[in-house]
Amino acid sequence: MSYVLEIKNITKKFGDFTAVDSVSFTVDDGGFFSILGGSGCGKTTLLRMIAGFEEETEGELYIRGESMKGIPPEKRPVNIVFQNLALFPMMNVEKNVAFGLQRQKLPRQEVKHRVTEMLERVGLVGFEKKKVTDLSGGQRQRVAIARSLVLRPSILLLDEPLGALDRKLREHMKIELKVLQKEIGTTFIYITHDQSEALVMSDSVAVMNEGHFEQIDTPKNLYKNPKTSFVAGFVGESNEFSVTDYRDGILVTGSGCRLNKPGLDFQPRKLFMRPEAFILNPSPDLENVELIDMKVKAILFDGSNTKISANILDGNDDVLISLPQNAQFEDLREGEELKVGIHRDDLKCYRD
Amino acid sequence: MSYVLEIKNITKKFGDFTAVDSVSFTVDDGGFFSILGGSGCGKTTLLRMIAGFEEETEGELYIRGESMKGIPPEKRPVNIVFQNLALFPMMNVEKNVAFGLQRQKLPRQEVKHRVTEMLERVGLVGFEKKKVTDLSGGQRQRVAIARSLVLRPSILLLDEPLGALDRKLREHMKIELKVLQKEIGTTFIYITHDQSEALVMSDSVAVMNEGHFEQIDTPKNLYKNPKTSFVAGFVGESNEFSVTDYRDGILVTGSGCRLNKPGLDFQPRKLFMRPEAFILNPSPDLENVELIDMKVKAILFDGSNTKISANILDGNDDVLISLPQNAQFEDLREGEELKVGIHRDDLKCYRD
Amino acid sequence: MIRTLPCSRLYKVGYSLYILLFYIFLIMPLVTICVLAFNDSNFIALPWNGFSLDWFFADTDDRLGLFKDPDLMMSVWTSVETGFFVAMFSTIVGTIAALLFEEERFRFKGLLYFLALAPLVIPGVVLGISILLTSTYTGTYMEETFGWDMEFLSPGFWLVVIGQFSFGATYVMLLVGARLKKFDKVLEEAALSLRATRLEVIRLITLPFLRPAIIGAFVVTFLISFSNFNTTIFLIGSDPTLPVDLYSRIKFSSTPVLNAVSFMIVMFITFSAMISFVLNRKKI
Amino acid sequence: MKKRSGTFYLLLVPVLLWLVMLIVVPHLDMFFRSFRFETDEGAMIFSLNNYLAFFEDQIYWLTFVKTALYSIGVTFLAFVVTFPVAFYLTKVIAKKYSSFMVLLLLIPIWIGELVTIYGWMILLSDNGVINNFLINIGLIDTYLPMLYNNFSMTIGLLYMSMLFMIVPMMSALESLDDSLIEAASDLGASKWTIFYRIVIPYTTPGIASGGIIVFMLVIGDYVAPNILGGKSSLWFTEQIYNKFLATFNWNEGAAFGFLLLMLSSTIIWIALKLTGQKLEKVGS
Amino acid sequence: KNTLRLLTWKGYAPAKLVKDFEAETGIDVKITYSNNEEMIAKLRATRGGGFDLAQPSQDRISFVQAKFPVYQPIDFSRVNTGQLTASMVEAVKKNSAYDGKAYAVPFCYGTTGMIVNQKMAPDAKDWSDLWNPKYAGKISYRLKRPLLIATAFGLGENPFALYNDINAYRALMKRVEKTLIDGKKLVKNYWTSGDTQVAIIKSGDAWVISGWDGKGWSLHATNPDIDFIAPKSGALGWIDTFAIPAKSKNLDAAYKWINFMLSPKNAAYFTNKEGYGTASADAIKYLNEDIKANFSRSFPPEVLDNIKWHPPVPEGFETIEAKVLDRIKAAK
């Protein structure tokens, strides 16, 4: 099978500082590939190398099998949607979208035709003459995407395009974007530091940390089986503990809490437990479930997302525990003691 | 019982425009009171009237029973934490916190003592000499709060203090702030447009809309029994439908879906259903549960917060449905049809 | 204190009074000039001898009005011409400099930028004499060695233009550069990514964005040129600009015709300012 | 480094021409000339005599020092006079009036130094407007000598320079978030405390830029000291002017020009260090 | 376009004559006002370009020409010498000579002396009254080289005699400097132009000032108390000339202007207006009576003989004088 994008050991150094550190990956044609990572981890730099705005220090980069070495941005079959959108404020919607086509010296008829078609596709018919500054955030978003897509790139690069929107609109746009990508079938490479965006939209997600990739996987695998402690901590919410001892299948946390986790073939240093992995008042006959005594410290009521903050009696660590959405444990009170279970598989241990 | 703050019919007009419209409420001593509302609804204006930066057009305002009419800001026993924090960039942490005490001409020893004490309390020991511009967002936050709290105000006013922080830090700070307030016992009046913040932290929340209060209630009540459609839509996630007909206890939505909801004594125009109120494949013998046939449109995998977007077969509306956290419905596929139930009590209907 | 802070009456009144006095101080010389331009007297001083338009229109032996004084009219025109060329050259080169320093990375950029800012901290007099020295010696050298008489190298119209341009370009660079700083460089990358060439980017994206600043810079350099004295005085030949002419008239003689020219300038500036104010306000 | 595009050179060449031909070469040339000296026999030699003349002759360096001290003084005065105005226009008066009042401030700037100085000449002269006014209201009964002395010179220097200080101070104050002032007031600070603990420290960059501009204008000014100054108001620029235009001792003039350049650069450098500012910021 | 760019003194190109000239010849006249020092500086900077005709004083030509060739020799065949006073032409030819060629044509002459308000200061008779404490606060003069010369005469010396001994001249200038610095506190102001000169004495702000005869006489006409006085130790005589810059672009116009200005009628118009004597021989026929009276009143024969005519300034002397002037200006 051929990939639309293939990257081999790409590295970028700024002076002594390595912003991107020997990253390799491939992207399938028509896929939605996300790169997820914290601020400053090198996402933008990687994207800019793909677009040609930054020259790689080492490594190779192929688009549809062709090396991109020395090819300037304006000659690459990729387009980029910038974090702040970068719509041209001095042009209206139509002119923004037509910009790239006009640079290719296409006949006016064709430009007009393709712009209209594209605007239909993103649902902006009737907005042709509007100033881009008069549009709402979501509409601006779509103009930016249309402007790039109209050039029919092999790959569309998106650099945190939802970053500037407010929370409600972001929730909405991420669903819309996923649907749009499915419809048109262009390959998307999507950068974000918001794990929820990456999980919801992507076919495949790469988690990036300090210039290198920690894990490339489907969203579900990433969430369920994080391969490194960084991924476990970064993707989804998690309670993190340091592990000070592991002997005879028993983990001892920093504060002294002891849990059975047999069968590890390495010396773990970190333990992660997801808030929703805890079972409140479990029936005592469940197998492979560790039971922990806790005391409720605070109820963090948040509708369907309500949690409690609890204190492990034996060891004195604080944990966050999700409450089931069905309001089953509504009447918990602060100070109350309760027994909590967690399946041994849900004790995720890491070497570092 | 006496209130630390009592507000009666307070109104603020800017020219013809009424920013705050006859608002009344009381705040208990030591309570955590939030005002929740969208942008421009008048939250800041209300807060500034309490602090004395803005003079009320009408109404009265009592702090610990004393009228505040004509009392300038620097004489009121309240302090304010500004949205952008307003830390003094030309002073270090210590000097920022000491600023208010020095203005009271306290002896140097005492100033030093109280500053140190306060910094301990907010966990900033060792940061005394740092420039405030060198601090992280969360640390700056705490300096701002310390700077106000060190003056031991009767009331601390906070204007969206977490607005500028990134998401992870915000999640963390909201728990920290709640704990801090409990510990020191000062009354907090907290402004936010983030419903989750308001719900998690407060003893009592007022939902504000276009200058007036829609509902003042505990977080749980607000979430479970929103009194107006505005509150229902604003607090928590909800699927919203227009209702075109209600006859013989049957609701008809805009797209033609029909649901039993007997006993309403008014003509409803709006219907709200929370994503987590849906029961997937309910046992058919449940009482008072409406059954709806749907088709899965997209799976929005998001860890513990995974939802599906589904299409109501009969009527063609789209709804978001939360999946239980226990991974019970993991193997749902796009295009699959399924039956979904919702309890009639969870059909929230409103007149407007 | 500030708009939102309440404060005492005394403070408010005292403060407003100070501002009032300040504005009186500001306006007083201008008003005096304008009023005395219409005084029916041969001297630029009180007492007020009645209203007269002589200093605009008279053509007698002891009263030569502004519009009848070809020398004065000529120096006004010289100033306009000088201002136009200075503004044009400064705007072009200053804009280019702004683009160069904001958009390109190259060796010795810091040094070059420092040089470009230098005119801010070089007294105008020094700029004038250094250019005078160099041009004169170069001109002499050219003449003596090759027998070329390069007229623009000796004091005269073009040397004034060159001298004023040497610092005018700095102001343009700063004005345009300030706007360019607000320019989101990503817009240029976006255009490149949409297959535009570097020159197309400048033409279609950067310059349109800069247009208000460029127009503003043109006007500013025109006005700077129009009122410059310190540099100009050393470079002037037989066509004095208005300030140089005014200076020599103040030094050698003075009749209220000077008030008449000044009056015209004051009116012109004030009206242009008001017009631009009204236009800008409409835009907002 | 990427390969240079043609566009880069298109931008670089005009800027290089400007800076090399009009800034670097003339000043190097001036520096070179300042060491040329004509002996009694009429031969041109290299020597330090031009500088020696400066140091040997008390009047030159006295004027030099006086000019420097006076310029610093006028700069400070300009700050004291205009700071309240800048604050008023940015923080006190309602936004809709402030743009108009700012416009009024700009008018005297654009009208130019010569005209406004001329205005002051009329105002301050013995039978000028102010004397007449004071006599008419009976405050004095003989003329106060206000023109042709250090007082009138100071007024002139202040008037023509102070407005250049307001603009940078205003932009610094503009960026001072009102909430900082409110926060201080909320924490119990008095107005005075707010001024010297919050507002002034915050505005320092603007004060520094404004101060430098004013200082440069004053120290390099020729018109105000020359027209309004009295029999003893010698300004260093006048010495340079005389060297060039009255005694044609250009080489000594070059040395003096160079000294003035050193003087102004040194003072500005010290001021930048003291306030922790960068020259790059001054322009903007 | 046919223009004549003239570099001259204020008053030397009266508006009426300019208009007549323009009408007669179709040549536009563009005037730049200046004084001796600036004229030299300007022409030096332009290397003799920028102007078609200049009017320096006769004593400030030859040394300038020696150093910077800014003028061209006069082609006397194009000058209508017939209408000029021959002795003056000869004197100017001699004084402005360099390398055997003459560089100037005389235009007018006059003296620098004192203008005195005789009602207020009836005793002011000599240069030394410019530093006489009796007139404290009522003294004014133009701080230029003629004043230094005048002061030297006032001190009883003859500076012109020292033009061949630079060191002695330097020493004399030291004394002059001291005298004027000591006298500075008595000075109301230094006047800078004919107009300020008129204004200061007319307004009563000063009683004793240095001044040109022409100005003094025209003041006398408006206020009989004020008059020009030839100082006892001698008024300073000067002759202002026409000289043609090396790169004059309109020689034709330059000669036309010279001949036009020196024609008897026009020269008389100038003298009647400005009061200065003219080099035009027959102008006397057209002079007003009061103008003629001025000469006889101010210059009785013994005074006339005592006029100290400026000889050409030797090279290098101006530098000495310039420093002296600077020091006086800077002194407390």
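The letters A, B, C, D and E name the chains in turn, as written, and every chain counts its residues from 1.
Just so we're on the same page, a contact is a pair of C-beta atoms (placed from the backbone, for glycine too) under 8 Å apart; a residue touches a chain by one contact, two chains touch by 3 or more.
Computed from a prediction, not measured in an experiment: that's the story for all the values here.
Looking at subunit B and subunit D, the chains in contact with each of them are C. Common neighbours of subunit B and subunit E under the contact rule above are C, D.
Placing every chain at the mean of its C-alpha atoms, the farthest one from subunit A is found to be E.
When the C-beta contacts at B-C and at D-E are tallied, the pair with the greater total is D-E. With centres set at the average Cα position, the gap from subunit C to subunit D is 16 Å. Our note on geometry: subunit A versus subunit D, Cα centroid distance of 56 Å, whole angstroms. Separation between the centroids of subunit C and subunit E, computed from CA atoms only, is 37 Å. If you average the CA atoms of subunit A and of subunit B, the two centres end up 27 Å from each other.
Each of residues 42 in subunit E touches at least two other chains. Annotation for subunit D: residues touching 2 or more other chains are 127, 182, 185, 244-245.
Listed for subunit C are residues 4-5, 132, 234, 251, each touching two or more other chains. Looking at which chains touch one another, you get A-B, A-C, B-C, B-D, C-D, C-E, D-E. Residues of subunit D that touch subunit E in their complex: 40, 42, 57, 59-60, 62-63, 126-127, 148, 230-232, 234, 239, 242, 244-249.
Considering their complex, residues 177, 179-180, 182-190, 193, 197-198, 201-202 of subunit D touch subunit B.
Interface residues of subunit C, counted against subunit D in their complex, comprise 1-5, 7, 11, 15, 18-19, 22-23, 25-30, 32-33, 36, 44-47, 92-93, 96-97, 99-100, 104, 106, 112-127, 129-134, 137, 162, 165-166, 169-170, 174, 177-178, 181, 198-199, 202, 223, 226-227, 229-230, 233-234, 243, 246-247, 250-251, 258-259, 262, 265-266, 269-270, 273-274, 277, 281.
Taken together, the subunit C residues at the contact with subunit A in this complex read 184, 186-187, 189-197, 200, 204-205, 208-209.
On subunit E, the positions that touch subunit C within their shared complex are 5, 7, 10, 14-16, 30-34, 42, 45-47, 49-51, 192-195, 199, 247.
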